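Each in structure tokens, the structures are laid out below.
The two complexes that follow have chain A in common; it is paired with chain B in the first and with chain C in the second.
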Partner chain A sequence: MSTLSFTLLSAPKQAVNLSALIPSKLAGLSNGAIEQIVLGDGAHAPRVGDLFTVSGTPGDEIAISGASPLLDYVGAGLDAGTITVEGNVGNHAGRGMKGGKIVIAGDAGSYLASTATGGLVHVKGSAGDFLGGTRPGDRFGLLGGTVVVEGNIGQRAGERMRRGMVVTRGKFGPAAGSRMVGGTLWTEAGFGPRPGPLLRRGTLIGPSVDELLPTFADCGRIDPVILRILSRYVAETLGALAPKALPPMVRKLAGDRATIGKGEILLTA
Partner chain B sequence: MSAMTRNGVTIDDTFAEAFGMSGLGLVITADTPKWAMISAQVMTGFGTSVIGCGAECGIDRELSPSETPDGRPGVRVLMFGFSPDALVPQLLNRVGQCVLTSPGSACYNGLESKTKMGLASGPRFFGDGWQTAKKLGKRRFWRVPVMDGEFVIEDKCGVTTEAVGGGNLLILGRDRAGLLEATEAAVAAIAKVDDVITPFPGGIVRSGSKVGSKYKGAIASTNDAFCPTLKGAVKTECSPDTIAVLEIVIDGLTSKSVADAMRAGLKTIIEIGAAKGVTRVSAGNYGGKLGQHHYHLKDLLP
Partner chain C sequence: MLIKFTGGTVYDPANGVNGEVRDIYARDGRIVAAPPPGTKIDQEYSLQGRTVMAGAIDPHSHIGGGKVTIGRMLLPEDHQGHEVARTDLTRSGCGHAVPSTMTTGYRYAEMGYTAAFEPAMLPANARQAHLEMGDTPMIDKGAFVMLGNDDFFLRSLAQKKDFSFIKDYIAFTMHAAQALAVKIVNPGGISAFKFNQRQLDLDERHQFYGLTPRDIILTLARGMKELGVPHPIHIHGCNLGVPGSMHSTLATIRAAEGLPLHLTHIQFHSYGTEGDMKFSSGAPQIAELLNQHSNVSIDIGQIMFGQTCTASGDSMRQYGNTKSADPKKWVVMDIECDNGCGVVPMTYRDKSYVNALQWAIGLELFLLVNDPWRIFLTTDHPNGAPFYYYPHLIRLLMDRTFRNEMLEKLHPGAQAATILKSLDREYSLYEIAIMTRAGPARSLGLRDRGHLGAGATADITVYEDLADREAMFKTPLFVFKNGELIVRNGQVVKVVAGATHVARPEYDRAIEKPLREYFERYHTVKLDNFRLSDQEIVDSNCGHTGGECGCVIVQPCGPRTS
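For the complex of A and B:
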């Protein structure tokens, strides 16, 4: 499997759109041609060669060395293959991705995997606000696929998320799952204050909630079969990245009853 | 018709004539193997012949917890019908009345196939608006609140139009008890073959039929040629010493699975049959013009 490497020459001075750097868009191009690709729009948009040295051959894998919070849209629109980033990335990484895998060794900015429909994003650091969320004009946030974050996640993760799964070893920030329509948010450390405002459907799983909205109804301890299905699914699809299997019993909080209230917070501890 | 003899059992030089059908598979799980089996048995009950039951149903095999989506013990059941459309009401009624109602049950797709049909299309509405779906990867699971928790049912199940119904063995004997024992052993051997069921009671039919009847309105009637009590009165297929004839009917998801099942049954009959009074093995056909699949016994000999 061939790897195409991009090594950052120096930190960019303005936000750069890296959505052009995905395997399917670079297939068959020479390194010289790749260096000529303009990253983003605008009169001052840089070319790849202005920011990176390009080495290797185009194939299924892209490796980006060097980190900057100004590297936006890393792996946006990815359909297949793997993108690995040595360090931090900016906003909108994995936006609209359909498949493949993005591995970010550092932190990710806001709107990670917004409107993605498939694939896997693995962030070894923390992630910013509106993970899997909506930007103005988007109907839904995350639509499929899986995001695994090993650190903490900012506020309003899963904003209007419809499907897919977000897993974190750390905590979700305030208002996780806000206006969520479906899908699963799963934390091993707990939720920050007031998760699930206007949660319609969808599942928030975690050991604790810092502060519960008054519009969630306590349904007591339950042992539904879906817990087993979820545990088995993450173990099979995520392997070592999977969260710990769910306990046989959880406490269900149904809400948000300020709206249709078919969502749930499942407390594992 | 020439015949072969194997281990004291005569094998007719004939063939089983079987039909193309549509088939689907389900995985039924429960908290214990006992309750998965109860649900599967009830769900596949009254599913012997597509003529009178709407579908031919049976249990393929038991599944260990590691083989099911929820890690609980399960049973794989198969259903066969004339077409996917003909299976729709059968699936709705059988799952709705026999699986949904069974304590602790869950119901999943049990057949990977490009063509799918709705599995939860009806049963999920039992939730009266409280049902929710969880899509994991490519599979969508419906969660229907019920009195012992939640009934989980997968949204769609695979259906194949490559299935085969009506593979068969006719086993003739000169001792009724021994014949039944030998036929039971053949059914047990067939049960070990994947993707097939033997839909009749205990896997065995004693009332093989022929097409048509002297009575208007009856589309099938007794296979008089194999009725030992008529052997002097009709053009009989029985041997002079035939006391009883039993038939094993086999439905499978593929033609190969039906052939494998017939091979397994034939092997068992040949191994143990003679000692138990089995004299001959034959097969049912309609002259070869009705069914698309022909299984010649001579090709299936061990």
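For the complex of A and C:
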């Protein structure tokens, strides 16, 4: 499998839009032509060649080495193939992606995988605010696909998220799942304060909650069959990345009753 | 500086020139008669085989005033993905349905337009509207001030004040708001909405003032005629978008009693209630009646499929439309207790029966109304579609095969409900030139625009004569504004500031005494601050000191000749 490598020459001085660097847009281009691609709009938008040295041949895989929180939109709109980043990335990575895989060795900024409809994003570090969230003008946040984060996640993850799954080994920040309409947030370390404000539907799974909103109702301990189905599903689809299987019984908190209240927080501990 | 445009095929309907090969000369921004032989030509453009027309004029396009700004704020998704980067010449911008001001100006010019008129400026918003238009480069502009729902007008009419009093008030408002004409939106209806009425038919009484829309239309139509304002009263009639609205439109045409009227975005007012869906085309009946009434002119407000944003002063009807908002968000508001505003995003779908039929109704009207001098090409930007769909619309009108191909893609029920397929008419370039240049210029009273005779402003558009009319009208070869080359091959090559056109009918200043008292008592601003000065327009437009640049053009008033 051929890999196209981009090596960062020096840290960019302004935010750069890397949405052009996905396999389907680069197929069939020479390295010289790739170096001429303008990254983003604006009077000072750099060309690929100004920031990166390009090597290898275009194919299914793209490797970006070098880290900068100013590298925005990494893998935005990705439809197939793999993008590997050896370092941190900026905001909006994986925005609107439809398929394929993004692996980020460092940390990700805000709005990771917002409006994505499919694919897998794997962040080995931590992720910023509004993960799978909605930007002004978007109807929904995450619409499908899976995000796996090894570290912690910032606030308001899954805002207006509608479908898909976010899994973290670390903790969700404050107000995870705010205004969420569907999908699953799953943590192995617990939720920060006040998860699920105006949660309509959707499932938040974790061992603990730092501070619960008063609009969630304790429904006691339940043993729905979905727990086993879900555990088996993540084990099959995520393999080594899958979280630990769920216990047979969980404690259910239903809410947010400030709105239709069809969502749930499932406490595993 | 003398410029010669050599050998182009000229379409200049105002001077009866239909596709003749002619030379045109321009000196210092004006078109001049052929100079004596031997005169030194400073610059020559060789235009053999190319089509030459005056710069196009859009008589109805929402490019200024509060509602467009509301639309921009309401729809961040309209900005995303439609960013336009800065170039050495042009400034950056964004937007699809409601583009930013700069982008609007550039896009108009790149399409061969040299003027566009904002049709719904509230007197209270006039300052903002003019500032926004001042920010719109390349094109000439002007605005129609909205009357007929404001308390002072309705109360004067209800109290049966002397007609001259009302006339003075109309003229005062035109002066104060720096308007070119007067528009009326849902006559009395916006006001009635605030008294909890949800519709107001032509002969239905306003609950509080006891007036009917018919009274209001006739008063304003007569007022415009007697004041000698060139453009007749610009009417957005009752029942916009309501199935069955064709009946109030037909009644409005009959009600005019020979007074000149302009019925705007008539497509939205031409719906019947027949068929299983209780939604049908009223275009044949309306076109038939229009063909008999030479006092009535129209523009279409054609819809095109895709995302757009409707913006209207008609808060009564826009409130009704909120249930179709897509994306689901909208703004309907009152403005200074004198008028309204409704902004509702809309997506027209070709697979929807209603939208497909709306599209067909607009085209039926285009093809059934015989006199191109009384029908203007608009999409009521951004209500029907953004203005840069005009080249596509022109192709639909000029190319029957293309039109029928497009029709076949639509909702089958709509195809069965329209007579569009049986209409063979294809517009000629001459008729397009009438509809987009000569007609609007004559109707708006722009005596030196929209034609290529001696004395006219040298606003000239040159097209390659392509078989694909959409491509032809989309990227003009050259566009000249005041004799300066501003666009080449559909790309801006020079940025200029257009002028603002106003009309200032005579009136008796004594009206200001009762008005001043009224303002003191009820308004949030004082009368003197309500008035907009020339300098304010100039400052926002080109920044020259008053009188130097001629960027406020007062169009003469006088008895209408046609």
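Just so we're on the same page, the second predicted complex is superposed on the first by the 269 of 269 C-alpha atoms of A that agree within 3 Å, B and C clash if a C-alpha of one lies under 4 Å from a C-alpha of the other, contacts with A are read in each partner's own complex, and residues count from 1 in each chain.
The working rule: a residue touches a chain if its C-beta (ideal position, glycine included) is under 8 Å from a C-beta of that chain, and two chains touch if they have at least 3 such contacts.
None of the values given here were measured: they were computed from a predicted structure.
In this superposed model built on chain A, chain B and chain C occupy separate space and fit side by side.
Of the two partner chains placed around the shared chain by superposition, chain B is the only one that A:I222 touches, whereas chain C remains out of contact.
Residue contacts after overlaying the shared chain place A:A43 against chain C, while chain B stays out of touching range. More residues of chain A lie in contact with B than with the other chain of the pair chain B and chain C. In the superposed model, A:R139 makes contact with chain C only, not with chain B.
By the document's definition of touching, of the two partners only chain B reaches A:G182; chain C does not.
Panel annotation: after superposition on the shared chain A, the angle at the CA centre of chain A between chain B and chain C (CA centres) reads 100 degrees, nearest 10. Taking all C-alpha atoms of chain B against all those of chain C in the superposed arrangement, the shortest distance found is 23 Å. Across the interface of their complex, chain A is touched by residues 75-80, 83-86, 92, 327 of chain C.
Residues 29, 69-72, 106, 130, 132-137, 141, 143, 149-150, 152 of chain B are the ones touching chain A in the complex. Across the interface of their complex, chain B is touched by residues 144, 163, 165, 182, 184, 201, 203, 222-226, 228-233, 237, 262 of chain A.
On chain A, the positions that touch chain C within their shared complex are 41-43, 45, 135-139.
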